[in-house]
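Working notes, structure below.
Naming follows writing order (A, B, C and D), and every chain is counted from residue 1.
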Amino acid sequence: MSLFRLIPDKHDVLQDQNAPEEKNTFRHWLYVTIFQSSTPAGKTFDIGLFILILANIILLILESVESIAIAYDKIFNILDYFFMLVFSVEYLLRLYCVREAKRYAKSFYGVVDLLAILPSYLEFVLPNWHMLMIIRSFRLLRVFRIFRMVRFLDESRYMMFALIRSFNKIMVFLFFIVLLTVFLGSVMYVLEYDHNPGFHSIPQSIYWAIVTITTVGYGDVAPVTAIGKIIASFIMILGYAIIAVPTGIMSASLVSQYRDMDNDDRVCSKCQNRNHAADARFCKKCGAELSKPES
Amino acid sequence: MSLFRLIPDKHDVLQDQNAPEEKNTFRHWLYVTIFQSSTPAGKTFDIGLFILILANIILLILESVESIAIAYDKIFNILDYFFMLVFSVEYLLRLYCVREAKRYAKSFYGVVDLLAILPSYLEFVLPNWHMLMIIRSFRLLRVFRIFRMVRFLDESRYMMFALIRSFNKIMVFLFFIVLLTVFLGSVMYVLEYDHNPGFHSIPQSIYWAIVTITTVGYGDVAPVTAIGKIIASFIMILGYAIIAVPTGIMSASLVSQYRDMDNDDRVCSKCQNRNHAADARFCKKCGAELSKPES
Amino acid sequence: MSLFRLIPDKHDVLQDQNAPEEKNTFRHWLYVTIFQSSTPAGKTFDIGLFILILANIILLILESVESIAIAYDKIFNILDYFFMLVFSVEYLLRLYCVREAKRYAKSFYGVVDLLAILPSYLEFVLPNWHMLMIIRSFRLLRVFRIFRMVRFLDESRYMMFALIRSFNKIMVFLFFIVLLTVFLGSVMYVLEYDHNPGFHSIPQSIYWAIVTITTVGYGDVAPVTAIGKIIASFIMILGYAIIAVPTGIMSASLVSQYRDMDNDDRVCSKCQNRNHAADARFCKKCGAELSKPES
Amino acid sequence: MSLFRLIPDKHDVLQDQNAPEEKNTFRHWLYVTIFQSSTPAGKTFDIGLFILILANIILLILESVESIAIAYDKIFNILDYFFMLVFSVEYLLRLYCVREAKRYAKSFYGVVDLLAILPSYLEFVLPNWHMLMIIRSFRLLRVFRIFRMVRFLDESRYMMFALIRSFNKIMVFLFFIVLLTVFLGSVMYVLEYDHNPGFHSIPQSIYWAIVTITTVGYGDVAPVTAIGKIIASFIMILGYAIIAVPTGIMSASLVSQYRDMDNDDRVCSKCQNRNHAADARFCKKCGAELSKPES
């Protein structure tokens, strides 16, 4: 679902329906600034928020390094409060300026926005709670909010269409890969488990098969028997060859998209010729003037 | 052979020939339900069987984890009996409802179906037999039965055609890769075997060459001599570059398939020829005028 | 050079020039049988030789495994003599039946054929010579002789053209990769060599950079400093992204080859329209009959 | 910026503006010889410089190998002085023969040329300085100078256009990958850090995620918990599938470039428009009749 929300046009339409009814008020100005990027203020807001999220993520990453966390304990504490405040205010402003606050709160980004500020408050209330560590990491969900801004990049919009178009085919391919690793992992388990502690169970063998077929190859588990190495070689060559499938699907999808963009569907009124280039003004067959291309 | 059976149309035709002669009987209804998916009952059966096979495979995977196997010994025993019963009944029903039971029993999926239920009975008769472990894994052949359902997915059908079309070319490529690894593995054996226990024989060196050229790179065997590292670098760069070959083949195959699909489906009224270009006004076979393309 | 020799058409032409002058003699029949595959005898010879070379290579591989070499010492000795004899006779016959024996002896495959039988004789003369091991491996050059037969496969012929067409571009790409690894390896050497014995010299660091950029990743050398890991991450992402370059080149090359095969250059004599499908008999624009396609 | 400088045409134009005003002088001859490659002297100079840079880089690489550095200490010293002299003279000649010496000195290659000779002098002045090691490596920047010559290769020029055309899209993709590894690395940190010293901080976990998603897979860090291995499997399959994205982008870009090259070079006699389709008879911009395409 999140994938489809990333397509800009559709998204913007949804947001427009969520714009407050009264125009030319502060609330409407806030909506346009926060949710859209058509105005200079909106662009500034987006860039500012992007920098803040990035700074916050870098802060969280650095806090996880023990030596740094101890050395700059106080600074981290202050910055934690600062970001807690900033993102809380931003969340409240978002709730205030949309027409249907509930609808925003329930939307994908609404939930992400909330989940990303909640841990800071929980830490405040329960400073020694054990689960805190895990909940804390929710704050990293802010990474997803950066994707929201990515939609304004024309390039990614283009890629998203191709990705979605190829999505089903690549899913079928991945389903096939998973089935294959289940089968090959089980075969390797039967062959190796007497000689190799690395293949102590089928899930472990499937993990190994995935590590091998994707050509990652950690080496923490590796076959030791002759027949195991032969099967492993087969899996490797298979993985090396079938990478061609998703790549081919994506290439074909993008090639046909480039072609669509290059041609339009205009028909010459004189000779019925088609297949004119998108920038053609005259028929390439008879020289008659073509209709203006629809933009 | 199994690959070709996966193409849906041909497969369905074969199955129709195997349908019982009398229509509108329970046996025919059973046939349609079990072997086809055109009726609601057939679809329900397929989905139910899919879930059962998946549950059975997950059960077998979990049973292989020692700690889980000991903890839930009784539940696993009961579930083993349950799946034994269900798949046996299903196999008998399949034998009953097809016109030629022998033909089904000898077909690829017929053999898989039988091999997947046999181990349960063998375990019953010979509880302490040593070979049991290996035979047990045959039950995992049920994974292949899932592929049978995959044929109903339009996406995979599309991919299968492209795969088959490129199959020969990719096979030639893989044959070339295998010859290359035999040669390069032998070269590395000569260079490394005095200094590196990892290259103790040519088969081991070929194994290493496959691990390297497919970019898997476990690291359980790695060159130690200077000249060995230079040759290894060469193999890596080679593997990195020639991945382009199967990928290019698949891309080109799929691109031309997309283009074919762009052609329209108009049939010549005179000679019944199909596959005209989208901008064709006359049949390319007999010269008769074609109908206007629908836009 | 060897690459170009693999193109069948050109190769056959060269060979025909090397055919003995007198036709319908035993020598000419021998030439056709050994060097060509157009006659049934020629095909039988090719398949027989293919099996012999394969058997010989498997023998050499097995001989390298110590435990097998000791157990079947006598059988290996007899088989070694057998293959020495067979390939010597074959080489002499080749020299006998071609018009210019010298020209064959100097050709790529002539040299391979000789180098592949020489070690057996050297072993005979100098049974305890130390260099023997390395010279022995020359016998594995017979692998290359298999390629000679590959040319009869239509599929490989197709691929060879695309490979040669893309060869220069991919070479430039690989040259770029090598320069990049030299630079990045040196940077890593400077950063890591004080903290990590794995980066003890620039050649070793370049080896590591190649292992990393090709996504092989043995793990025998891995960065330990923070800055080293950041640079390493950058190299990995770079390697992951630029694999797109050779793949794209090959795809584009094959796509345009598929397209060329789909279209011919015939021009309609009535309306001058081009771009007819290869199987078209009538112009798709005006319905006039087209000239027969040149085969 | 350096990337754009690599496009030959633009680059040559810039250089021509930098040619000295007076023609047919020694200074102009020097300019043409050093900066251009259109004359035989220019080509000889380029090839000679290429060999010198290559020899110097090999020397620097060998000097880093301790055993070699000690054995050939004197030869290395003499060769160091030789290269210092040669490249200094070359730099001075470049400064002399261009019209605006400052402009060259500030250009990308001007800075590279200077940075590559400076360390030799610094070593002369401060023989025991600690930072020398790092500054020394600047000499390897000469690698970049080789790229300058690469521009004369037609092949690379072709690739550069496609790279630049796809550059933005691939950057967006890499930005997406980095965000993904930040998120997945943090998730793995939370899951593994109690059980696995390899995941001791988020930066380390992100490093692991990059090693995994790019399919490098060193194995120096590997998950040990069951849930960690499941997430890791997911990351591997993801990395294996999304490699299709940059590959597809590059393929599509190159395919459309090949197609453009298939278009002919006819120029409309009325409006000077180019880029007409191969089967066009009339200019697509102004409708004027085009000349017949040369076959």
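Rule of thumb we're sticking to: contacts are C-beta pairs under 8 Å (C-beta built on N, C-alpha and C of every residue); 3 or more make two chains touch, one makes a residue touch a chain.
Quick caveat, the model's predicted, so the values are computed rather than measured.
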- Query: Looking at CA centres, what chain is most distant from chain B?
  - Reply: D
- Item | Between B-C and B-D, the pair joined by more C-beta contacts | B-C
- Task: Tell me whether chain A and chain C, two copies of the same sequence, contact each other through the same residue numbers or different ones, using over half shared as the line for same.
- Result: same
- Query: How many angstrom between the C-alpha centroids of chain C and chain B?
  - Reply: 29
- Task: Could you please state the distance in Å, as a whole number, between where the Cα atoms of chain B are centred and where those of chain D are centred?
- Result: 42
- Task: Enumerate the residues of chain D that touch no fewer than two other chains.
- Result: 173, 203, 206, 215-219, 239, 243, 247, 249, 251, 253, 255, 279, 281
- Task: Please name which positions on chain D make contact with chain A in the complex.
- Result: 168-169, 171-173, 175-176, 179, 182-183, 186-187, 189-190, 200-203, 206, 212, 215-219, 222, 226, 229, 232-233, 236-237, 239-241, 243-245, 247-249, 251-253, 255-256, 275-277, 279-289
- Message: For a test of understanding, state which residues of chain D touch chain C in their complex under the given definition.
- Response: 57, 60-62, 64-66, 133-134, 137, 140-141, 143-144, 146-147, 150, 153, 155-156, 158-159, 162-163, 166, 170, 173-174, 177-178, 203-204, 206-207, 210-211, 213-220, 239, 243, 246-247, 249-251, 253-255, 257-259, 262, 278-279, 281, 295
- Note on the structure: The chain B residues in contact with chain D across the complex are 215-219, 247, 251, 255
